[in-house]
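Once you scroll down, you'll see the structures, which are given as structure tokens.
Shared between the two complexes below is chain A, which pairs with chain B and chain C, respectively.
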Partner chain A sequence: MDKARVLHAYRGLIRAILKYERPSKVINWGKLQKAMITKLEYSKKQNPKNSHEDSNRELESWKQLDPVNDRSLNLFISDSKLLRSILKNDIKWEEKVAQGQNADEILEHAFDIIKFLDNQREYEELVDRYNPGNKLTQDEKVKRTANVVGLDVPR
Partner chain B sequence: MFRSVCRISSRIAPSAYRTMMGRPVIANTILAQRFYSANLSKDQVSQRVIDVIKAFDKNSPTIANKQISSDTQFHKDLGLDSLDTVELLVAIEEEFDIEIPDKVADDLRSVGETVDYIASNPDAN
Partner chain C sequence: MLASLKNSYVVIRSIKSRLPRLYSLSAQPLGIDNTIENNSPTETNRLSKTSQKFWEKVSLNRNVKKGKIALQLDGTTIKTPLGNEIIIDDTRSLLAYLLKLEWSSLSNISIKTHSLPLTSLVARSIDLQMINKPDCDPQLVAKIGGNSDVIKNQLLRYLDTDTLLVFSPMNEFEGKLRNAQNKSYLPLIKGMEEFLSKFSFQSNVQLQILDADIHGLRGNQQSDIVKNAATKYMNGLSQWDLSILEKTILTTKSFICGVLLLENKKNSSNLLPNLKTDMESIIRAATLETIFQVEKWGEVEDTHDVDKRDIRRKVYTAAIAAFTQ
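== the complex of A and B ==
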């Protein structure tokens, strides 16, 4: 078992998982951003006299946050502990490297997982792109359906 | 110029918000607006690399308190094992929107080498 190959496999896995997680993290950051802005604006309205310069600046910085384009929000995978524990305890890669054991099967498996994650991500992106209605809420769907026949939903 | 303003504002953000994704993210990289062109100066690159390293909090607070310079070695000075180094390099790749080839990445052992590689990569931004 070659150490460099293990590290290549690990790097590939981290990259694939990072990309795979990205869409849901972007959504989470968007939600957090919305919640924080609401909260800060509310507390600003509650005590306008006490409004601190710091909290104004914080509000400003949350407003400027751009979860979609700011890559530096998602630099790490959420949890690499599990992956590492599998490598260390189940596969025992360090011992295998030291003893020079053959572990091509395990590495093949890792490279298969990388391919699967990448392709699954691409598939999901394509499904979303071909079915733009999937992400709409029910209200939005009703509204648009009504619009198709030239009607508006009552307010 | 703007980075320094953002950095000041980031100090006051309570740490609770930063830990949302499991690992704390250095707030100044979150909040900093990007005003740079495709050609990065070495100072910018090394500042951003250092920000990423500080955000990589696995062995915190050991990393957070350490002085990081271009001579800092990932393994020797920061105490990262080979898997940590891989994770860190992937994070740096992500920050600069590049992909470091395996052969190059295997040889990157210090902050300075990483900064040199990124500064010489025309795709980095």
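== the complex of A and C ==
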């Protein structure tokens, strides 16, 4: 069995899943960041007498967090245990690779999954890029439509 | 001996505790544990590990006894457009994992129609299974566009003008396209004839091709022998396989590509050598003319680049669903 190919398939699969998950993870982290900052600031206001060394530090680290550019947030796939157990118990990845029989089929399938994830992700990116209006909220659309004819939406 | 072992163990542990964790080199937010193995029940941990969406949690509920896996949001099984629960055999656990991934990776609230291709294919096949039960409500059958006999007839029409059966004239692209078509289509057509003849009593199963040099511009039709054989093949398929065949045929505009994908993914070991192929070759065969056009005239933005991904994501969706573990 070609070890390099096996490694390539497994790594590629994990990498493709990571990339696929990234956009939603970034949004989730952004939301969490916002919620935590609000919560900490609220609790500071509630108890003005206490010292806030800890919460200040925490607050600072939350404010510094940059979900879009922080690569450390994207090092693990979110459900690796499940994937590992499926590969081990259902697909019998290790056994098949060790025996060398029927391994081609599963490796081929791993590459198919990688290509699916990559193409799906790229497709969505392209659609978003060519249709920037899709992501706007209704209010934003109305505002821009008004701007086109030189008007402003009343506040 | 034992004491020295113990000593060295303590030394190693003390070194370990002093070393910074590799993943904390860049900004490490407080209160969040990025390690996978840690399972302390904090909200932040839960959020970073379970890919919990705003209000919902996607999960798989595996019933080992029944051998089924249900795809669930907040503990309730997701339902198909016709109201059937999305439950699949646990022999397709990898597909179930990908379904979950698809749901947990939705990046905003407004779910677009193209963001869940696997789910829509699985839902379609589950609905097809349901409407083919004899006591089904005719209104539901109408909603899905007819029962599987109607669908089979519609799919048969793709065999008449199959992408792989239409040959371009020799004078286009200096004959390059035609040569590529000959090279890639002819063996597949031959293999397909051999494959279909297994489903026919007659020996002369022959696919009618449409050659632009000989036939010019006109329609094309297959003989009844071919149609009967193809129908017989489709009748032997499960509803699950039929929906995969349908998805592939509609994407590639080719019946032959549909059969190729299904057979290569399902039982490639006892397949005719002529028909053995991989997904990328199927896609290339289905888009051969576009490939030559792009080569000659260049890639058109918002069209060729999008279509290229589109056909791939659809074909690979079908391939993933067709795979048997």
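The definition used in the following text is that the second predicted complex is superposed on the first by the 142 of 155 C-alpha atoms of A that agree within 3 Å, B and C clash if a C-alpha of one lies under 4 Å from a C-alpha of the other, contacts with A are read in each partner's own complex, and residues count from 1 in each chain.
Quick note on the criterion: a contact is a pair of C-beta atoms (placed from the backbone, for glycine too) under 8 Å apart; a residue touches a chain by one contact, two chains touch by 3 or more.
None of these values were measured; they are calculated from a predicted model.
Asker: Considering only the touch criterion stated at the top, classify A:Q120 as touching first (chain B), second (chain C), both, or neither.
Answerer: second
Asker: Applying the touch criterion given at the start, work out whether A:Y130 contacts chain B, chain C, both or neither, answering first, second, both or neither.
Answerer: second
Asker: Report for A:F76: first if it touches chain B alone, second if chain C alone, otherwise both or neither.
Answerer: both
Asker: Applying the document's definition of touch, where does A:N28 land relative to chain B and chain C: first, second, both, or neither?
Answerer: both
Asker: One more residue to check, A:K3. First (chain B), second (chain C), both or neither?
Answerer: A:K3 contacts chain B only, not chain C.
Asker: Is chain A touched at more residues by chain B or by chain C?
Answerer: Higher number of touched chain A residues: C.
Asker: State whether A:R57 touches chain B only (first), chain C only (second), both chains, or neither.
Answerer: Both: A:R57 reaches chain B and chain C.
Asker: Where does A:L18 make contact in the superposed view: on chain B (first), on chain C (second), on both, or on neither?
Answerer: Touch partner of A:L18: chain B, not chain C.
Asker: Going by the contact definition given at the top, which residues of chain A touch chain B in one complex and chain C in the other?
Answerer: Residues 25, 28, 32, 36, 57-58, 61, 64-65, 70-73, 75-76, 78-80, 87, which sit in both footprints.
Asker: Report the residues of chain C in contact with chain A in the complex, numbered from low to high.
Answerer: Of all residues in chain C, those touching chain A are 23-31, 34, 36, 44, 47-54, 60, 90-91, 93-94, 97-98, 100-101, 104-108, 112, 114-115, 117, 265, 268, 278-280, 301-302, 305-306, 309-310, 312-313, 316-317, 319-320, 323, 325.
Asker: Any idea which chain A residues touch chain B in the complex?
Answerer: 3-4, 7-8, 10-11, 14-15, 18, 25, 28-29, 32, 36, 54, 57-58, 60-61, 64-65, 70-80, 84, 87
Asker: Inside the complex, what are the residues of chain B that reach chain A?
Answerer: The touching residues are 6, 9-10, 12-13, 17, 20-23, 25, 29-34, 51-52, 55-56, 82-83, 86-87, 89-95, 97, 99, 102, 105-106.
Asker: Can you tell me which positions in chain A touch chain C when the two form their complex?
Answerer: Residue positions touching the partner: 17, 20-21, 23-25, 27-28, 31-33, 36, 57-58, 61-62, 64-66, 70-73, 75-76, 78-83, 86-87, 90-91, 105, 108-109, 112-113, 115-116, 119-120, 122-124, 126-127, 130, 134-135.
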